[in-house]
Every structure is written in structure tokens, then in C-alpha cells.
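Take a look at the structures below.
Two complexes, one shared chain (chain A), two partners (chain B, chain C).
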Partner chain A sequence: MHPVVDHKQGMSGQNPKLYLQIFKNTWSEIMTYRVNFLFWRIRMVMQMLVVYFLWNAFYANRTALFGYSREMMLTYVLLISIVRTIVLSTTTVDIGNKINQGDLSNYLVKPICFVCFYFSRDMADKLLNLICGIFEVGIFILILNPPLAFQPDLFVTSTFLVAAGIGAVLYFYFSLLIGFIGFWSTEVWAPRFLSLTIMEFFAGTLFPLDILPQSLYTISQVLPFHYFIYFPIKVYLGQLTQTEILAGLTVSVGWVILLLLLTRYIWSKGLKIYQAEGK
Partner chain B sequence: MSISVAHLSKIYRIHKKAPGLLNSISSLFLRQYESIPAVKDISFTVQSGELIGFIGPNGAGKTTTLKCLSGLLYPTHGDIKVLGFNPFDRNKKFLQQIALVMGQKNQLWWDLPPMETFLLNKEIYEIDDLQFKKTLAQLTDLLDVSKLLSIQVRKLSLGERMKMELIAALIHSPKVLFLDEPTIGLDVVMQKKVRDFIGDYNKLHQSTILLTSHYMEDVRQLAQRVLVIDRGQILYDGTLTNLVNKYAKYKTISIVLDEHVDVQLFRQYGQIDSIDYPKVTIKVARGQTKATASALLQSLPINDLNIEEPDIEDIIRDVFSSSQQKPSRG
Partner chain C sequence: MIKKLQRYWQLWIKLTLDSFQTSLSSRFGAVLFMAGKLLRFTFFLIFLFTILAKTKALGQYTAAQAVLFYLTFTIVDTITQLFFREVYRFRPLVVSGDFDLILVKPINPLFRPLVGGADPLDLLMLIPYLVVFTISLVPLTPFITFAHVAGYLILILNSVFIAAGFHILVLAMAIITTEIDHTIMIYRDLTSMGRVPIDIYHDWLRSFLTYIMPVGLMMTFPVKAFLGLLSPSMITLTLIVSVVFLIVCYRIWTWSLTKYSSASS
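Take a look at the complex of A and B:
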């Protein structure tokens, strides 16, 4: 009956004061659950410590492993903690439930773009986590004074931040798509859990991907997860040529466009069968 | 005209799953769907400023209709125009002028004071500071909740929360308001307050209001016009008075006797409804109430006599049960 569905509603931008208020509300909400947030950060610190000491032990009487010097590897491992906060911090995990329980209706009856709402909510969440992440890693470095490789080139450092930013956008759309499963199924947790496990592995959250056997590394290269953690850190470490960086940025932007289009398509399909349940 | 609905149908496609683990596993591979028609070919129009009540049992299609009108559901068939817009397009100008309140759903941020939700809505609807202050003062005043604005939503009582939900929904002064069970779960005092507020709001702002409620009192007090809906079809569309005239075939005559009489005597006047000496009530066909009353007064020792309309609930129950006798289940 209605062939033309306006995708822009639910997808387009709005006034800046709105996003400021979303920031404010998100932070106040996190602060209501201070202990939750604190424990989450402790979990992240523990994860950092485990991976750090594990790798530190591997280098006990070696100077290089898998083509990584001790400094490079420890820098990679500590940077995971920082890049994680930028890329993998998200508030979108509850979207599947929101759809299932009909809470999505609250957004649909208002002149607000649902995706933008969650994007700015994520930004608030990421910023808070980033501040904590930098603080934690900073303390860690001050106490243990580990051998690290700092990137002296400002241009490379900025490219690293751009790559991490693209990774954040990529993960955002990826997480949205997983949430949109809620339009079709009530079992939203299992697919999210499984995809998270696969994603964490292929994103390089435990080790740099190029230490994997060639076949697995090739698989990782064709997945978007490659650009979540591994690629930005490789840029920072200065281990990629300019051509490789350019190619990586191009492919990751390509992924963004692809996931963006897919998200819009799935969203409009989902809304047509959305039942606004919850009674 | 504010709303027009033409031949609206909504068929839900439900994934059927038999209980049990084995069936759950087999349904992973072979999905069976069932089509459930929630609304079947309904049409009606609403003038701007009207307050309309939807009456119907659970699952009649009231909520589905409201959800189609507010753009949440994609209609299977039919055309809807609200303020000139097709709701499902979710045009920004359309969304800025409507609001939906669901008694069992909340839009308030659970962990924050209601004021934070209002401020967020202020930005969503792009309301300027002055207008926002004015509207908020007016609404909090009407609902008597100005002292509760900075208390965490989770700490408010159900009634207080419902009032806050209403404020959150009305802060942008919508032209069209959809209220789905706004008084559900509230005690009688709070129910009356919310009901009075809705009535006052409608008069004050000339906004179009569509209301569903299980409480007949809400509809009786508020709605100038009712839509009786059952099994996805409209059974009646008009004023409550006309509904009574059309469907109530009887009036009730209640009598208080002066002295004991053989109750069998009443049988010739009408159907005996209840006997609780000295009180007797009988049902009499509508056209004959006056004649019957005077005949009773002349022939029996009567202290007091009253002619009463039957309960609106009873009439509506009659309407539903007569519709259920039709083999129309599709």
C-alpha cells in the first residue's frame, strides 16, 4: 500500500542541543550505576593485566617473537585497552530487547532519528570509557615502567586515531545489525554472544593478527573485524607502509558504506514487520 | 478533518511454536506461521477537537488501531491519513504533532528524574525555552506534581509516574493524542484525576484525542463519541446515548413496596430482575415503561418508583454477545 518508505526518518541528523542532552542523560544514567561501571572497568583492567603478563612471560629470555620485538608487542597489548574503549564501548547491546519488548515504539513516535540517538549515546559512553582507559594505562605505565615503543610521528598518530574512529563506526553498525535480529527473532542474546566471540578473536583483542597462520590471517583480512583493533594499532606501531595504510583505510571506509546501506535496508524491512509488542 | 481511516486491516504473522524442547529445535528448521487478523476492514473519520473512546474486550483490535494511527505498525491493507500524513511514513512534521501514551509502557528514563526526560523531549521536539517553561508550568500545575520533578522516576508511585508520562507526552502540545489505557492500574482517586485532566486538556487545547480504556467510567465521562470494536470490526460508531437507545431494549423499573404483595403479580408487568423485599426491580420493554409505571402505581401499594436506564456495561456486554453469535470468525 505504501511503496515509498522514507528511510531518512530514523536515520538523519538533528539539532546539536539534542545531542548534548543525550550525552548528559547517558552520563547521569551511568553514574546511577557507578558500581556497575566501576566493576566493568576493573574487568577491563584485569583483561589488560592478563594479556600483558602473558606476553611479558613469553619474552622472558627472548628479544623477538613472531617478528615482534618485546617493546612492540607490549605496546600492542597496552594499546588494545585504549582502542577498545574507542571502538568496542557501546550501549547498543540492548537494542534487540528494545525491539522485542516494544520499547522501540518510544523512539518511533517521536521526531528523532533512532540510529543517531544511539550513536550519540555511544559517543558519551566511549568518551567516559576512554578517559578511564587512558587513566588506567597511565597508572600502569607509571608503576611498572614497561619498555614501550612510542610513535614520534604526529601524522602517523593522527592516522591511527582516524583508523580507530572508522573502527568505532564500523563496530557501531555491526552491533546495530546484530540488534536488528530482534525484528525477526526473540532470541537475540545467542547471536550476539557468538558474534562477539568471533569478532573479538578476529579483531585482534588478544594478540596481533599477523602472528596467526597465513590461512587464518587471510580470513581475518576479508572480515570487517580486522579494522576494529588490529589495523589501527598496526598503524600506530609504524609497521605499515603508506600504501598499506591507504589501502586499509579505503577498504574500511568501503565496509562502513556497505554496513550503513545494509543497516538502512534491514531497518526499513524490520519496521514493516515490527509489531510494537509489550502488553 | 483530523483523521481518516479507510478499509484498514492489520494481519499479524505469528511464528507458531509448540511447547517443548524438541519442538523448539524442529522449529529452527521448519518455521510455521499463522496469520492472525487483528483489525479487519475498518473505516471511520475523526474531526479535529473530537474526543473519541474505543470500547472493546481484550484483543478486540483497539491498541492495534492506535498503533497503526501513530505510525508504529505497517497496515496490511487500507489507507490512513492523520493530519494529512500517512503515519507509517513517519514524516517529521507529523511526528511533531502527535503523541502516544501507553498505560503499560513508559518513555520516562527510569533511573533519572522526570525533568531529564522532559528536557530531552524539549530538544527532540525543538521547543523554545519560553514555550517549554510555560507548558511545563501549566501541566505540572494541572496535575499537581511540581514538587516531584527532580525525584528519580523509579521512586515515584504508579499514579505519579502516569502523570509524568502524560506531561512527557504533552510537552510539545500535540494536535492529536492517542491514549491507550491511560488509567490502567490506578486507584479510583488517581483514575478520576487523570480522567479529569484528559477532559480539561481536550477542552483547553482543542486537541483531538483517541482513548481506549477498560474502565467504562473513563469513556462515559470523557468521550463524546464511542467506537465499539470487537474481533477487529467496528460494531457501533456514535454517541453513548444513541448506543443506549439502539441496543438497550429494556429499562428497569425499581419499586419500593408499602406492604407485602405476591411477587408473582409482577410477572404480568415485565421480567422480574431482583426481589429484595420491600424492593423489587423489573425489566420492561422501552416503549412501555410509562404505561407500565402508571399501571403499577394504580394497582399496587407502592411507596416509591423509579425508571432507570440499564447499566452501560450491561448494554455493551449485550452488544458483544450478540456479535459473537454471528459465525464471523475469520
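Take a look at the complex of A and C:
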């Protein structure tokens, strides 16, 4: 049975208070399962330690590698942990299952914007993870006192935050699109696993992309993943000229618009074939 | 005893065939998963080659040796996932109380959650990994001896036993605290430190990965034996530590069973 729905439904919201409440509810939900969240953060800390110690070992008896000083590379590595919380923290991973199990109907019959609902949840999730990420990296710096490169220019730091913010919006739409595969297939985890594997590599979650062979680096530049982690951190490190920063911001905003339009299109197409199966 | 082993062997074959049928029922998903695993493997290899092209060595190891560490990690990790995939599906059984259905069966309650669902995708993935592994041995051929290969194979088998210990701990954790989703992934993150020889890490971290959480014994020691860097007495000590680790893990599991509340059943 096809539920009677407006195909533009779920893409725009008018009541900010409602979404503020969803934001609060998401925090309450996470705090209800505190041990689970604690273990999630332990995973994140371990991932940070793995990458940090790996790079630290590569720099044994060296002061520079691939044009990065030891300070710059270790700063890149620690900033990955912070930028990850802003960009890659998301609650949208369950959207595919919600579509497959018919739970999407619960949202369609309510006066609520589906995308705004998940955006509010993501904001709550990102903020909580960001606070924890800053705390963890702070503790790490206090204990190990690694050599780091701090950015003294406030303008550059602000631009870094803007770039990370754009990266967060980009990833949100990217993750939504992967979730919308659920309209056409019951196999939602496999496409997500494949896309995450490609994304993590080309986003620079293990290393700065410009150490790659030129051909791979060129491929990374035409993908939106380039603007998730690598670009914001390069801005922070002060390794880009003003023209490069402006060009990067323009292209990433272009990607946001493209993914936004694509999301709207796929959502309307998906709703036309949605059958509330499983309900 | 032999009859008992035969019964478990037949049971394992049956469960494995069922698991293979389930996994391969969605060929689209299977192909995507395998593509993802292959890409993940290739991407890290590219990263390693990129670094080694510049540094020529990783700590005290040559580039060819460093690659061998990563390939051994990949093979151990894949064999582990091949045999212990069911562990990833255990928590919902505890939360729903459906673990009761396993407890009432006339088999060891650990058998089904630990090895009751071998993963065919990992079996298929072993093929390309072993091909790359064989190619990577070419530059090391002059140094390969029978004793080193024997030491390597014994320690690889030992790694599977240590991995079994870790997975038993994860199962025990799922019973003790039903809240946690990520325990198995913490294990995966921890073992990922073994993608490179643990000798390159700080002293305290190396000790932790050798004596507390024996990731080093799992991932680094087999290759060290292969390269002739591990004495027979060290190999023996490694086996003893692994047996002790496995016994401790099993004890924790049997204790955890007393805490099972059968909630929601």
C-alpha cells in the first residue's frame, strides 16, 4: 500500500522550538546510555592513539617528512580527532533501516520535517562529541606534551571552523543519501560500509592527502570527501594561500548545494515508491 | 572425548553451511562488502608504500619486512573474523533474552555464540590476501628456513587462540553489561595497532600490547619468528602466555554466565 504523502513533505521545518526540543531529547537519550557513550569515546581515543603513535614512529630520527615538520604532522593527527567530532559524528546511520522496517511512516504522519529532525539530532550528537573530543585531546596533550603547531592567526582559526562547519553539512547530506538507498534496497549496511571505506581514505582521516601520489591526490580533489577533514585542517595549519582557501570554500559550498538538491530529488523519488513495508 | 569432538565438528559444519547460505543470499550486499574490504586493504597498503618509499624502513625493519607485518595482521584478522563472526550478533540475544534458547541446548553455551556463524566473505577474502602475501615473500626468499616457517605457522595458530580469548571476553562483557554496543569494535581498534610491528611504539605502549593485551603476541611475534628474530624459548613463552590468557578469558566467561538475567525473555 502506498501511503498518501506529499512528496515535498519532510524537507522543510517551520518551528525552531520543536527542533530545539529534539536537540535536548537527543542529549537525554545519549545520557541514558552513558556506559555505551563512554565506550564509544574510548574507541575514538584509541583511534587517535593508533594514528598518533604510528606517525610518531615514522618521525623517529627525522624532523620533516613529505614537507611536514614533526609538529605539523602531529597537530594534523590530533586535529583529526577534533574535526571528526564536528564532521563525522552522525545519527543518520539508522535511516536505511527505518525505511526498510516501515518506521519512516511515524515521521511522515507527524507535522515534522524529517531532514530537520535528523539535523537537530546530529547537532546534539556533534556538540556532545566535540566537548568530549576537546577534553580528551586536552588530557592527551597535558600527559604526553607532544610538539604541536598552534595557529596564532584568529582569522585563519575562524576560517578553519567555517570550513569544518561546511564539512559537517556536507557529510550530513552524504550520509542521508546513503541512508535513502533503503527506499530501493533492503541491503543498507553494505553500501554504507563501502562508502565509509572510500570516504575515510579520501577524507584524510589517517594522513594528509597531499602525501599521496599525484594521481590519487588529483582524484581526491574532485571528491566531496576532500572537504570533510583534510581541507579544514590544512586551513588551520596555514599551508594554504588566501586564494586556495577561497577556492576551497567556494567548491565545498558548491558541493553542499549539489548534495542538497540531490537529497531533495532522491527523497521525492523514494517517497513515491515507499510502501511502509514491515509496518 | 573423540565422540564428543566428532559431534561438535558435525555441528560446526552444519552451522557453517547455514551461515554461508544466509550470507550469500544477498549477492549485492556480499559483493559490496567484499569490495569494501578489498579497498580498505588496498588503501592501507598504498599508505604504507607511500611512507616506505620515503623512509625506506620502519623502525628496525626494511620495507619488505614492514609489509609482511601488515599482511600477517590482515591474514590473522581475516581468519579471526571468519571463525568468530557470530560474536558480532551476540548482544541482541542477551538483550532479548533469546540466549535462553542456546542455554537449554545440550551443547557448551560458548560454542554457538563463539563459532556458530563462520563468514564466507572472509574465506573468499583470504584468497587475494594470500596471493599478495606470497608475492611479498619474494624479496625475503633467501632468508626463509624451514624452522622459521614452522615457528611462523605455530604462532599464527597461536594468534587465533589469543583472538578466541579476546572474543570470549567480548561475549562475557555482553552478558555482564547489556548496555555496550562497541566492545567488539574496541577489540578491532586495539588490534589495529598490530598493523605495524609493535616495536615502533613507546616502551610503555609496547609492554601494554605484549603483556596486558597481547596484541603483539598475535600480530608481531609470528613475523618476528619468520624473520628469525625470536628464539625457541621465546616462542615457548609466547605459547604459555597465550594458554594462560585463554584460561583466564574462559574463567571470566563462566563467571559471567552466573550474571545472566534472561531479561526480556
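Everything below uses one rule, namely that the second predicted complex is superposed on the first by the 270 of 279 C-alpha atoms of A that agree within 3 Å, B and C clash if a C-alpha of one lies under 4 Å from a C-alpha of the other, contacts with A are read in each partner's own complex, and residues count from 1 in each chain.
Methods note: a residue touches a chain if its C-beta (ideal position, glycine included) is under 8 Å from a C-beta of that chain, and two chains touch if they have at least 3 such contacts.
None of these values were measured; they are calculated from a predicted model.
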Partner chain(s) touched by A:Leu216 [first = chain B, second = chain C, both, neither]: second
First (chain B), second (chain C), both or neither touched by A:Leu18: first
Touched partner set for A:Tyr33, first chain B, second chain C, both or neither: both
Partner chain(s) touched by A:Lys272 [first = chain B, second = chain C, both, neither]: first
First (chain B), second (chain C), both or neither touched by A:Val156: neither
Partner chain in contact with A:Ala60 - chain B first, chain C second, else both or neither: second
On chain A, positions contacted by chain B and by chain C: 33
Complex contact set, residues of chain A against chain B: 1-2, 4-6, 9-10, 14-15, 17-18, 20-22, 24-25, 28-29, 32-33, 102-103, 105-106, 108-112, 271-276, 278-279
Residue ranges of chain B touching chain A (in the complex, touch as defined): 12-13, 63, 67, 70-75, 77-79, 86, 88-92, 95-96, 98-100, 102, 104-105, 107, 109, 111-112, 116, 119-126, 152
Interfacial residue positions of chain C with respect to chain A in the complex: 26, 28-30, 32-33, 35-36, 39-40, 43, 46-47, 50-51, 54-55, 58-59, 177, 179-183, 185-186, 189-190, 192-193, 196, 200-202, 205
Complex contact set, residues of chain A against chain C: 33, 35-36, 39-40, 42-43, 46-47, 49-50, 53-54, 56-58, 60, 62, 65-66, 185-187, 189-191, 193-194, 196-198, 201, 206-207, 211-213, 216
